[in-house]
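What follows is a pair of complexes built around chain A, which joins chain B in one and chain C in the other.
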Partner chain A sequence: MEVIGQAFLELLSPQVLLIMLGAGVYGLTMGAIPGLSASMAVALVIPIAFFLDPVPALAGVVTLAAMAIFAGDLPGALLRIPGTPASAAYVDDSYLMVRRGQGGLALGLCVICSAIGGVVGALVLMGAAPAIARIALQFSSYEKFWLACLGLTAAVAVSGGKWYKGGISLMLGLAIAQVGLDPVSGQMRLTFGSRELVGGLAFIPVLIGMFAIPEVLRYALAPREIAPPPIQALGNLLAGVGSTLRRLKGDLVQGSAVGVVIGAIPGAGADIAAYISYAISKRFSKVGDQYGKGVPDALVAPTTSNNAAVGGAMIPATVFGIPGDSLTAIIIGVFFLKGLNPGPTIFIENPLLINTVFMAFLIANILMVPLGLFATSVFQRMIRVPRYMLMPAVLAFCIIGAFAVENTHFAIVTMLVLGLVAFVMEKHQYPLAPAILGLVLGPMLEETFLNSLIRARGNIFAFVERPLSMGLAALTLVICVAPVAMFVWRKARGARSA
Partner chain B sequence: MQLSQLGVAGGFGLLGATIIVNTAGLAPVAHIEFGPALFPTIVGWIMIALSGLAAFDAVRGPAVETPAEGEEPAEPLNWHRLVLFAGFAAAPLIYVLLAPVLGFLLTMPVIVGGLAFIASGKPVRSLLLGVGLTVLLHIVFYQVLRVTLPWGVLTNYAGILTWK
Partner chain C sequence: MKHLSLLRTSVVIAAGLVAMPAIAQQWPERPITLIAPAGAGGGTDATARLLALGLEQQLGQPVNVVNQGQGGGVVGFTSITTAEPDGYTLGVIYNFAHYSPMGQGDFDAADMTPIGQFNFDPAGFHVRADSEWTNITEALDAIKADPGAYDIACGGGCGGSWPLAFASLLDAYDVDLSQVRMITGQGAAAALQEMVAGGFDVVPSSVPEAGSLIEAGLVRGLAVFGSERLAAFPDIPTLEEETGMVLELGAWRGLVGPAGLPEDVTAKLVAALEAVYNDPEFQSAMTDRGFGLRWRDAEDFGAFMAEEEVSVRELVRVLGL
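Up next is the complex of A and B:
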């Protein structure tokens, strides 16, 4: 408790509060603009975080992540275009409510439920993470290896589309992580004689390239302006919210629980949590047949769930160093940039800092109520920023962001090349999240793999001798084999029916 | 057969092979049985195997891909889009080439304003955006965060154009 008190005091510094406020406003703005994802918003701000002290940098980044996920609800309700994928599950309901004159209630529910989900996620994170970290301290390199494998295979399994494309994306991330000096012998790998590659590919240009450049190039191929709807009075955003939430308190609990649990599964992010929560709510609601037609019942669970998932995803990220989704992978990247190693030892070596980050996340979700209500009232003017002005500005930010951290033009070229690769991958339905997770987890996976092999003197059975490592290995194998088995079964069935 | 899918799968297969070949020559470490090539070799082989599956699927797939559920069908390309795409894709390289010579303050307005003009055809707004954004970025990154942005031909005026 003493550490939590100190963590709270750390956040009261004017610099930290100002940065959290600025990050909140930025997150709300970027999340609210259709086509700009929360991951991209965080990736673009990392070059600035790089120059800040660890506390303001991490507090700002977690605030931004929380706000961006909520802000995705705004264009969903007003334009029927979800600002982030996490808002896609209930976009029809919120949009139809606005069309029907219930815009105040729809957006009020989005703000309050997002804040409740975020606060629950933050509280679970603060309670569960240190406890799990104490257990994780007992893990040997075998368990750590299998945990990394589990995280990566789960990321591929839930990435959507064809599993082998997720696998290729993951291998690309692992390959990028291997560029530079080999951690065991110090020899140069995959540098192709280039001096710039000896230190490896810098994290920030790779991130900016993979998340921001494809958005810009997509716009260039289809430069349509989104016609803004006429400005309409939304009324009191809090009117009717209290009575609706009292009636649907079960959905609030369900959304929070599903969000935290799904968010904690590596690879599954806020969008999957929202879809599952929406489906459960629809299944058990008395007005389930009205879902998709604009009923407030359809909003509560998923919009709570997607924000709770951010806190859930932070649990494996901080305890094991295994990010739950691409957004958390970027946050973990900021930990590394600040010289901190996420994992169970961070709770012993840096208890004040990690608790300050958790506390910042909690406060960010509370701040979401006033900031979210304000953003909702001004959003209708905000979306009038034309995309022909926005996209060149995003590209300028990409260029200067990639350059700023490395201070070399090679970083800009890296960003462009990775951006083009990511653009081609997305065009051909290759998911990007496994690549980012591979990039972040690659060094840990290789290190634990080689350490375990050396410890076991090459005996691969040692990887499954301990009960916990055997359990994790079995789980990984099931996740690996299931899609392959399904693939073979579908092909066989297709061949039979043909 | 889906040619573009096949091309992408082939590209990844080639990358897997490159990883294997590039790391095969790494010298083993004394007293350590498992050298620096082991992990990249595994990654390379898995990439080749998965690329093979992707290529197999591309060969068997219909020539014209149907858009995924919820995805809008692609609109036909025109010259304006192609120029805009080329402009956005080339802008970082143009910056890398021009910034050391012209400096950040002259290069960035050209890039931002130029792209906005190609996209919108509105010269005044594009110019204002280019200049305004450049000044803002310069203040944040150069003056506040102390990033050493290039001055190029404006080097002699560096002390005049900053407030510190």
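Up next is the complex of A and C:
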């Protein structure tokens, strides 16, 4: 406890606070620009971090990371372009709420839930990091395979509309994920001899293209101004939030727990956590059939979850030097640079510095509320811009974003072509979300399945031999079979009472 | 910062679109693009950024790191080797000789102008803490006796630096390589975690990558494939101490340009790189992050790449990759 008090004092210097504030604003800006990811934001400041003292450098970097993940919600809600993959799960809900004039509530929920998820993640990180890391370390490829299957069941949750259209969309996403080098054998697949396709279709350009380009095309084909929703004053942003959150306490708890746990498992990150939280929330919600059409209920769990996952991913990273995702990998790089070597002895050798970093992460998540609300009010003005000016700007941002993240011209082609595909899909009421889910989970599913099979020498029962994998398999099965069983049971009871 | 990244982007676009003739009198008179065939955040990215910082001071022009990690680096290597040889596009490269024989890319050492090697990290031989093997000889004998019985992690793809270093060792120990089971994955960190969870028997990787798990008492390092023990891990013996085999195997990084770089540009770059390498600030930044230092000048580096190309082609054939 004494160390934590000391850590807090370390942060209370004007220099550290100023750097945290600057890093926060920078993170919000980068995260809010589609295509400029949180990982990239951190990678770009490494040369600056190089010249700073350890405490301000590390405090700045964790602040930046926390803000950038939250900021991905903003362009998602306002322009339907998820700023980071972690915001993709609920982009339709937040976007439709904004269009319907419930922007204050949607954005308010994103800010507050992100902060709550982040704070929970930080507290778990400070309190139970070594214990949780031991559990996360026990996940082998068998367990990760079931985790991917569990994630796929979310396809039902995110599709809405006709089930077979959701299925076709999911298959399309899985097929897109196959393009490029086979992750296991290194063979080329679906590249048609093109050198550009060897690396596969890059995820961020596909994401930007599929969500943003159809909006631009629809406007271009039928230009028509939509009366912009009124700007919500800062106070109004929080108006409905309190009562909504009181109503959805369960989702807050669920989102925080799922986020921390999934985040702590190496190989699964904030994006997968958000999808799983969304699916669980939909299953237990009374308005589950409204998910995807813009209900506040759909936002709470996943937006809490993706921020909790950032803290979760820091757990194996600090305790074992195993980063859960690329963002954490870069943060760990800065740790090394500042002589804070991750490992189980980090709490013994360097208790003050590591606790200062965790404390900074906690404060960053609290700082997210004022900074996030401010950014939200600035960003809201964006949708006041007439659409004939906004849409070309969106297209320009899509092109810059796709290029910036991949540094290849082919990424722009990918973005535009997938945008066209998505436009045609939406015209015929095929949901996009399952395709994105397939793209996120496809590589993980394929690799864990094949590698497990190679290792088990083709013995399929190896997938349920370990206690952990058996538990996850059972959970997946229950989630798949329960709705069918319930349906049959209800039918049977209905028949009897009739 | 937003403007900075836009500027960065537009500079890159400009560099890509405008075909510049090789006017080298005042080189460098505009910013230089340094391609890292790896994603942001990994070791290659980190060393590229440290190098860029040093080169900027030496050359007086901004050096922008551009990450192209798609296809396991193939896209980045292709960009480097097909770039205009005007000195404005350079690359930080690493063990690449496997891409061409594996049919993943068509570039080789002849497509590059070597400038210098600045890093070498020896591979380490890592097993679970409760493994029955207490030294590398026991492990090698067991694998030799039944090569198909053990699961060996490639880390990333099986043509990468660590698995090939491991395969070279087995080959030198007369193990039947065609029987050995090597399994791909998402990098060394993920493979080490999988090994702790019970998934692998051996993970070859750099020692610092396994450092935290070794400290935690979950992983043991049996040997390091370098000429001397690592300062940070004095308890792990070298291959030579344990087996008498003199092998130096692992991952290296160096600076190159596309083939046909003008001689005066190459000379300036060689001098600049050597100055960066000898800068104590660069050296301590590399060491602090766990990267080994190793210098080969342009000529040695070129010879080394050509040599490695021959041996790796043979290994890829025997392993059946």
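Just so it is clear, the second predicted complex is superposed on the first by the 273 of 498 C-alpha atoms of A that agree within 3 Å, B and C clash if a C-alpha of one lies under 4 Å from a C-alpha of the other, contacts with A are read in each partner's own complex, and residues count from 1 in each chain.
Just so we're on the same page, contacts are C-beta pairs under 8 Å (C-beta built on N, C-alpha and C of every residue); 3 or more make two chains touch, one makes a residue touch a chain.
None of these values were measured; they are calculated from a predicted model.
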Note to self: Between chain B and chain C, whom does A:G240 touch in the aligned arrangement: first, second, both, or neither?
What the structure shows: neither
Check: After superposition on the shared chain, which partner residues are touched by A:Y164: those of chain B (first), chain C (second), both, or neither?
Finding: first
Next item on the list: Kindly classify A:I330 by the partners it touches after superposition: chain B alone (first), chain C alone (second), both, or neither?
Entry: second
Note to self: Under the stated touch criterion, which partner chain does A:I412 make contact with: chain B (first), chain C (second), both, or neither?
What the structure shows: first
Note to self: Once chain A of both complexes is superposed, is A:I33 in touch with chain B (first), chain C (second), both, or neither?
What the structure shows: second
Next item on the list: Applying the touch criterion given at the start, work out whether A:A393 contacts chain B, chain C, both or neither, answering first, second, both or neither.
Entry: first
Notebook entry, point to check: Touching A:A404 in the superposition: chain B (first), chain C (second), both, neither?
Noted result: both
Next item on the list: Quick one: classify A:N341 as touching chain B (first), chain C (second), both or neither.
Entry: second
Check: So, A:G292: does it touch chain B (first), chain C (second), both, or neither?
Finding: neither
Notebook entry, point to check: Can you pull the chain A residues that chain B and chain C both touch?
Noted result: 184-185, 400, 403-404, 407, 409, 454
Check: Which of the residues in chain A end up touching chain B in this complex?
Finding: 48, 51, 162, 164-165, 167-168, 171-172, 174-175, 178, 182, 184-185, 187, 189-190, 192, 216-217, 219-223, 386-389, 391-393, 395-400, 402-404, 407, 409, 412-413, 415-416, 420, 424-425, 428-430, 446, 449-450, 453-454, 457-458
Notebook entry, point to check: So in the complex, which bits of chain B are touching chain A?
Noted result: 4-5, 8-9, 12, 15-16, 19, 22-23, 26-27, 29, 32-36, 38-40, 43-44, 46-47, 50-51, 53-54, 57, 68, 75, 77, 80-81, 84-85, 87-89, 91-93, 95-96, 99-100, 104, 108, 111-113, 115-116, 119-120, 122, 125, 129-130, 133-134, 137, 140-141, 145-149
Next item on the list: State the interface residues of chain A toward chain C in the complex, per the touch definition above.
Entry: 26, 29-30, 33, 36, 39-40, 42-47, 50, 137-141, 143, 180-181, 183-186, 188, 195-196, 198-200, 202, 266-267, 316, 319-323, 326-327, 329-330, 333, 336-337, 339, 341-345, 400, 403-404, 406-409, 447, 451, 454-455, 466
Margin query: Quick check on the complex: what are the chain C residues that touch chain A?
Written below: 1-2, 4-6, 9, 12-13, 16, 39-42, 45-46, 49, 53, 66-68, 70-72, 74-75, 78-79, 102-105, 151, 157-159, 181, 183-186, 189-190, 192-194, 196-199, 209, 211-213, 215-218, 285, 288-290, 321
